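In this document, chain identifiers A, B, C, D and E correspond to the written order of the chains, with residue numbering beginning at 1 in each.
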Amino acid sequence: ADLSGTLKKIKNDKVIVLGYRESSVPWSYIDSSTNKVVGYSHETALLIVDAIKQELGLPDLQVREIPITAQNRISLIQNGSIDLECNGTTNTAERRRQVALSDTFAITQTQLLTKKSSGVHDMSDLAGKTVVVTAGSTSERYMRTYVQQKHMDTNIVSAKDHSQAFLMLQSDRAAAFFMDRDVLSALLLKARDAADYVVTGRPQTKEALACMLRKDDPQFKALVDKTIAAMQTSGKAEKMYNRWFMSPIPPKGDVLNAPLSDAMRELYAHPNDRSFDE
Amino acid sequence: MNYNWHWGVFFTEAIPGQTYLSWLLSGLGLTVSMGLCAWAIGLVLGSIVGVMRTAPNRWLAMFAAAYVEIFRNIPLLAQLFIWYFVVPELLPQAAHAWVVHLQPQPQQMLAGVLCLGMYTSARLAVQVSAGITSLPGGQRNAGLALGFTLVQTYRYVLLPMTFRIIIPPLTSEFMTVFKNSAVMSMIGMLELTAQGQQLVDYTSQPYESFTAVTMLYLLINMTALYVMRWIEKRVQIPGLVMGRR
Amino acid sequence: MIDLSNVSKWYGKFKVLDQCTARIEKGEVVVVCGPSGSGKSTLIKCVNGLESFQQGSIVVDDVSVGVAGKNLPTLRARVGMVFQNFELFPHLSITENLSIAQIKVLGRGKEEAVDCGLKYLDRVGLRTQADKYPGQLSGGQQQRVAIARALAMNPVCMLFDEPTSALDPEMVNEVLDVMVELAQDGMTMICVTHEMGFARKVANRVIFMDGGTIIEDCGKDAFFGDISARPKRTQTFLSKILAH
Amino acid sequence: MIDLSNVSKWYGKFKVLDQCTARIEKGEVVVVCGPSGSGKSTLIKCVNGLESFQQGSIVVDDVSVGVAGKNLPTLRARVGMVFQNFELFPHLSITENLSIAQIKVLGRGKEEAVDCGLKYLDRVGLRTQADKYPGQLSGGQQQRVAIARALAMNPVCMLFDEPTSALDPEMVNEVLDVMVELAQDGMTMICVTHEMGFARKVANRVIFMDGGTIIEDCGKDAFFGDISARPKRTQTFLSKILAH
Amino acid sequence: MSYSFDFSSIDAGSITVLAEGMQVSLKITLIAMVAGIIWGTVLALMRMSSIKPISWFAVAYINLFRSVPLVMVLLWFFLIVPQLLQGLLGLSPSTDVRMASALLAFSLFEAAYYAEIIRAGIQSVRAGQLNAALALGMHAGQAMRLIILPQAFRNMAPLLLTQAIVLFQDTALVYASALADFFGQAYGIGERDGRVVEMLIFAGAVYFCICFSASLFVKFYSRRTRS
């Protein structure tokens, strides 16, 4: 078939460029003991690369990896600096205006992280308290909307990044931290007083995490979607999940201990590229 | 590049009842009010420390020099984090509890304004003392020779001229205060820069968002410049051409 | 009236004044001259305590300058001083320049201070300039205002530090004329100046300094009389100054 | 040699030079004097094109200044100029000050330039100071170096703009002596100065300016001869300058 | 005081990481200083040019960069630079865009400040110097190059160095674009070990020592050249 778009570019350059995040545990991060990029979604990206090698008949396709951040990931995709990013980007309507999003590779849910002694067990306990969120996250927007609609007198603060948010929790400036469950678990791994904290509350939003690629490139998207769907239906995805979420992970060999959710099980059975914001 | 421009994005709803424009404007308000508070602190402390630097008393001068060196030689960002994260930990128990149990926003505001105010005061102190020393040495002598005490000499002779002379550098310091307040975004204050970043995250329209924020900063700066020029004109002395930059 | 005895002063290791002794009586006019850097300015600044000195004593009108301490402002208010660069306060109008020290230091009422200031402004011939600012006057006019400002404090004596050397040549005379008049009215004056015409006209005595020491202190007529009778250093200096 | 005819110049609406006409022959020494702001500096700056003028013409050694355009640097290299504030280049040693323009403008070799510079340095009596920097010399010495620097370019004429008015009184003579010698050697010179002793000694002619116009242009003897025969404005000025 | 300090995070391992961060800070400082001074000199000359459009451009450039916070500039360049480099230089895709954009942003940003310092330096040279150079027959270009600029740089050397110290401090802001300079590394280690307070104090102390020594040097230098 005639190649177009990204696949054609890859075939010509014999190179594919992946974007990675430096500390998005366990999706995509740098293993400080080996200085290599690892993670569940990064592994997904590498599977896609394998599929491309096969499709294009390029066994020695080169892979380049460049670090990206929340701010520049979209521009980097758009201007062709990177061809694919699989880092835990949530599929939202705004993003779909600028880029294409692949089949969902994981679904995460938002919950609360709190000190065991805080007396917070669910969203309703937040009344009159302070909750911290990470600036720019979808959970921030959800929390603001939630509080407004329920007319709660909850005080919301935005922290610059996850670890600052956790620091606010540690120093008692906030009673709870509202965020993706996986992020919360990963943060607890690093904390030395992890035993004092608990992830709690009824899961709120669902977030469909997907890979980003350039818009209007049906050939490439089809290939990416096919690869993701195949790994999910074949059971490979579940094995991968267990390796990253239920077993020791680098660099220190901690265990996240987050069993596969029903939503994810459902996704693995019926792969799709739907998002939860419609 | 296949970018979807969407300038109307500012009028879309961020969360129910709030448009992105209203977010930007609240960021603008925070930037301006923090800048003004920090400026007030900086001007008062900076004048005092600046005068101390030129005082004939050695201990005063040394204290002032130490003050300036400390606040000038640590990056603003580091100072901010120290004010926010470290200082409360060093406070006595009771004060610590009081600070930590403040609402987070007042807490951030307190740390941010104190930090920026002290930092600005060190920079202003340098300008003030430079202004005083740039006056012809004879002015101090002329004041003293008329029988003024040292304090009167500063009050009636040296400072009125000093502040007129240093209006140009004060103008750029005044504009700098608003710019420096941008680091407050790093402790999670939703001032203008932080709102800009938030808009990028939420809307995926980085160019529109940053353009709007940049324009608002230009607006702040032009207003600041205009205000200072107005003051400069108000205090202009007939027959004296004071070099403007 | 003004009594300097054995005054010595050091800047660090550098001796600026070396055992200077002189006595100026009430109503006397003394001209101080000497090469640049010889310590003339330093000497007259010591007289009203603008510079401190380490040895010797200075007594002005029965007040000892060295030990005046807290009383220094009071002493200074009684000694008028005029500087090379006028040193009017540029942010104040001429009237304010004349009255501010009277009000803040002598405690005079505003009206009285302004009246007194204007009286002296009249005396230096600048009554019409009262509402201008220093920057709007010529150098010669500014220096005349500076003299009026000092006089308005009713000083017992006046110190001049090269009052004409920063002026354009055409303006030198208008200032010297005021000073001559002042001398003729009996004011006690110490003038650092190189205007030998002025010295000839009104000085009672001339002090010649070099390298921090007073080389000569003698009557005007003796000083200008027979140049060859003067010490070598004075001769060299005078020949340089008077040649053209 | 130098020919100014009907030169007029405006700063905006303000007329600084008004129909100035004068002719200086080879070997002539002309002194220009007049009150501050009368346009003396402006006039001589026009001669080597440092200031432009709007009307009239100036011809120096058969080159017209107004239309020189690209040739202005060549013209300027042939006209030496000495400034009130010396304007030695503080970042260059005395030797470099003397040689840089010879090398960069006249294209002389380094050695030749240094030799030539030192020759003139010798002439102003400062051979021993060749390796110092301007900041290490006294004002009088700096001005003598500045004269040597101009002479090293072998100019056909020299312009002086108040060369002694920024100097301490004791240093005025060492500079005037160099200028007198230069005049006696036959250099064509225009000197803006108030040193009437110098004018008396060497000037061929004196030009008196006021308010941008040349009021008088006459032989030295006529100028200093009978003061009462001079126009009113000259009289006032001379009486101010010469009084003390 | 309720806090118990524990500085044990500062061990051999973290020192190497911190040293890497310091290298990043110094690299940005040095490159941006050199590039900033060169481009700043050009801008200063453009600003003083008598050709209106050229001086307008310089004025607009300088005012724009001086009006916008450095953080904003860094974020902007973080977005634009990949485009630019790709368009202009054919950026190799494996280049670390964060470093490239930080370098470019700092250089262009600092140039605006250096331009003003250098312009002040040029104006601090008495007008008579230019007249003297012209009167000796030099062209305007020669006068600028041989006489005015050397003096301007010498007069402004203390300010240029002081600005470099400010620049060094400002490198802490690359924290905003996720590039790990000294400050970022220190903060990261503090976060890793839950010892942010200690690491912030440590980082503050290190910055203070470096900047204070540098400013002492500037003082010493300017006192020496003045005498």
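Operating definition for what follows: contacts are C-beta pairs under 8 Å (C-beta built on N, C-alpha and C of every residue); 3 or more make two chains touch, one makes a residue touch a chain.
Note that the coordinates shown come from a computational prediction; the quantities given were computed from them, not determined experimentally.
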Looking at Cα centroids only, farthest away from chain D lies chain A
Leading the contact tally is the pair B-E
Per the C-alpha centroid definition, the whole-Å distance linking chain A and chain D comes out as 81
Cα centre of chain A to Cα centre of chain E, whole Å, reads 36
Chain B to chain E, mean C-alpha position gap in Å, rounds to 20
Per the C-alpha centroid definition, the whole-Å distance linking chain A and chain C comes out as 83
In chain A, the residues touching two or more other chains are 71-72, 75, 79-80, 167
Contacts with two or more other chains occur in chain B at residues 1, 85, 185-186, 197, 206
Listed in rising order, chain E residues that touch 2 or more other chains are 75, 79, 83, 196
Full set of chain pairs in contact is A-B, A-E, B-C, B-E, C-D, D-E
Chain C residues touching chain B in their complex are 45, 48, 50, 73-74, 76-81, 83-85, 87-91, 100-101, 104-106, 132-137, 149-150, 153
The answer for chain E against chain A in the complex is residues 75, 78-79, 82-83, 86, 91, 93-98, 177-178, 191-194, 196
The answer for chain B against chain C in the complex is residues 136, 138-139, 141-149, 152, 156-157, 160-161, 164, 237-241
The answer for chain A against chain B in the complex is residues 70-72, 74-75, 78-80, 92, 94-95, 97-98, 130, 132, 135-137, 141, 144-145, 148-149, 155, 157-160, 164, 167-168, 171-174, 214-216
In their shared complex, chain E is touched by residues of chain A numbered 15, 17, 22, 64-69, 71-72, 75-76, 79-82, 163, 167, 170, 190-193
